[in-house]
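A, B and C label the chains in the order they appear, each numbered from 1.
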Amino acid sequence: MNAADPIIQIQNINKYFGSFKALDDVSLDVTVGEKVVVLGPSGSGKSTLLRAINKLETISSGSIIVDGHDLYDPAEDINRIRMELGMVFQSFNLFRHKTVLENLTLAPIKLKKMSKEEADQLALRLLDKVGIRDRAEHYPLQLSGGQQQRVAIARALAMEPKIMLFDEPTSALDPEMIGEVLEVMVTLAHEGMTMVVVTHEMGFAREVADQVVFMDEGAIVEMAAPDIFFDNPKYDRTKLFLEQIL
Amino acid sequence: MSDLEKKIDIGDGAAIPDPKDRGLFSAWWIALIGTISLLVFLPMFKPDPYGKVLLFIPDGILITFEVTILSISLALVIGLVTGLGRISTNRFFNLTASLYVEVVRGIPLLVQLFYIYFALGRFVLVPDLVAAVIAMSFCYGAYMGEVFRAGIKSIDFGQTEASLSLGFNQRQTMTYVILPQAWRTILPPVGNEFIALLKDTSLVSILAVSDILRRGREYASESFNYFETYTMIALVYLLITLILSKLISNMEHRLSYYERR
Amino acid sequence: MLKKALLTLVALSVLCGSAWAETKIVFAVDATWPPMEFVNSQKEIVGFAIDFLKAAGKEAGFTPVFKNTSWDGIFAGLASGKYDAISSSVSITEARKKAMDFSAPYFTVQQALIVNKDSSVRSLADLKGKKVGGQIGTTGYFAIKAAEGLTPKSYDEIGLAMEDLNVGRISAVVCDDPVAANYALIKYKDTLKIAAVIKTGEVENYGFAVKKGNSKVLDLLNKGIAAVKAKGIDLELKKKWIGQ
């Protein structure tokens, strides 16, 4: 693989839920270190696209290659590929029966055979980074939504992934908590992480994105750098969407 | 509490005292104190036959416990496998588990007991206690399977997705993430099944297994003190289930640690 | 037409009722005790005791009605008045006499020890440490409990004990000799045998049991029993049911 090759290569993928077409001939490349923000009205297929990247959603046709591994090659181990892909969910999905610290250390210990001490150190470092080290021994349900989402980001980072996928990470949060989560994401972006983010946060897209992708009815309508996208969109559908949201 | 959780909370065992439910809680205390006093005072004031009954049945109590503990342990294992089978995407595994549940639920426990003891006795000779345990756990394994299935399904699918996204496979997800949480949901119905099973072990007295009830019947058949004998038998069963239901409620409280804020 | 027939039937039954204005006596029967009382292939309760009571009823002027009742609890039902009497091969014992009244004896039994055909057991003493079965609350079971060193096992029905003996879960069964003969010589004639008759020193007799103090029924029964014996009907019945 060439260094300049995209780390995520999505080619002509289609996805049907019954007769409903959720993804319509979508192609997208993401290069190392690139931040791609996916926008679109609800039901536009943006979450389906994101979830297809780590195969939480299987596609009907097309191909997805992540870091040189074809997701649909039977010889590939999807669990290994997923270790390279950190994912953050809208509803946090922290393991409710584990403490914050255990949420972070479970996967490194079980999957990377990391010693408990090593995993704990790594976890505490990450908790420091997302600013909730003092809550290490709490259970998820004892935390606020914003705190839980920051833990969820730290949990994904604990596997030291090459790519981070964010599925509407702030949509389930009270407005006053959105900032703290975005802040962590911005830091991460500045550190050079490859990120694909599905969100409604236009400010974040404008500040962080290298590419903004606009989806509607399962297809990519427009793809551009944020300044062009927001200030000079090419298509009417994009304009309409931006008018409604801004 | 989710809808599902509420639904599977209803069992056919004794009512498990919920510390938050004052009504039931005090009912539990009244029942306990009443039972103990009757068990103490009746033999004191009328040693013959009340005291004699009590002296006649201790080995029966042991047998009842033995059958209950062995059966519930086996039923839990069968139930776990069955529950996993019922949610499995593997058609063969799923069908086998579903068939087992369907068949067992359609046959009365008493008939199963007779069947395993007498009918199968023609082909394989198992000791009476083993036959009783096999029959009880075979039957309750199916019920447990449904409890496990409901318990596993009650865990938010997001937990599974989060686990898979970290790189865990299906089996690891089940072991590390889903089952430890499902336990919490499953415990009340499992507790109910446990108590129901203990009560149902009285059916094994039909297999000439010398449990509490059989000992009582033997005593009554010799002394003709039916009223006194069955009064004591009922009290002994009641005392055991009261204590058990309390233990289960305590355990449940301990297991819900992560839901306390 | 149908209506008319029905009316006739009702009228007839009323007439019959008054014509047979004699006492009905309801007997509880645990019909699992062949050949004394059991359910035949036509689902009727039949047996020596059944025929005996029908004959006695004819002599003393009562109609016996039989109610199939499980053995375990048959005495409790008598005490609570669910039926007038028990006809279920009840041996007259001192303990039972305290709880109920008995008619005159109608049959003499001994306790028989049944074992597998290839067994070398000849008496209860040979069965030390072994499981021996009998029906709960019967004199046979009491004999097992009274013997030293064996593990008594009580069954709800004697047939279940026989089946357990047949498959080998227990080593022997003790029960009344006519029943033992029925099982060992007919039902399980290829696998079981009667090893011995247990000598208890006392004569064991069957009697019909009534609730304590129910002399009205008791008198009728005794009258019938005496008449049946006087006419030698009991010997005929023995020949018919037991074959001796």
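What we mean here is this: contacts are C-beta pairs under 8 Å (C-beta built on N, C-alpha and C of every residue); 3 or more make two chains touch, one makes a residue touch a chain.
Keep in mind it's a predicted model, so treat the numbers as computed, not measured.
Chemist: Ignoring chain A and leaving every other chain in place, which groups of chains are still linked through touching?
Modeler: Taking chain A away leaves a single connected set, one piece.
Chemist: Quick one: which pair of chains has the most contacts?
Modeler: Of all chain pairs, the one joined by the most C-beta contacts is A-B.
Chemist: Of all the chains shown, whose C-alpha centre falls nearest the centre of every protein C-alpha atom combined?
Modeler: Taking the mean of C-alpha atoms per chain, the most central one is B.
Chemist: Relative to chain A, which chain has the most distant C-alpha mean position?
Modeler: That would be chain C.
Chemist: Quick one: report the Å distance separating chain B from chain C, using the average Cα coordinate of each chain.
Modeler: 39
Chemist: What is the distance, in whole Å, between the centres of chain A and chain B, each centre taken as the mean of its C-alpha atoms?
Modeler: 46
Chemist: So how far apart, in whole Å, are chain A and chain C when each is placed at the average of its C-alpha atoms?
Modeler: Whole-Å distance between the two chain centres: 83.
Chemist: Which residues of chain B are in contact with two or more other chains?
Modeler: As it turns out, chain B has no residue touching two or more other chains.
Chemist: Show which residues of chain B lie in contact with chain A when the two form their complex.
Modeler: Listed in rising order, the residues are 156, 158-159, 161-169, 172, 176-177, 180-181, 184, 257-259, 261.
Chemist: Considering only the defined contacts, which chain A positions touch chain B in the complex?
Modeler: 54, 56, 79-80, 82-83, 85-87, 89, 91, 93-98, 106-107, 110-111, 139-142, 152, 155-156, 159
Chemist: Mind pulling up the chain B residues that touch chain C in the complex?
Modeler: Residue list for chain B touching chain C: 118, 121-122, 125, 127-128, 206, 208, 210, 214, 217-218, 220-224, 226.
Chemist: Spell out the part of chain C that touches chain B in their complex, as residue ranges.
Modeler: 72-73, 75-76, 79, 95-96, 98-99, 133, 136-137, 142, 153-156, 160-161, 163-164, 167-169
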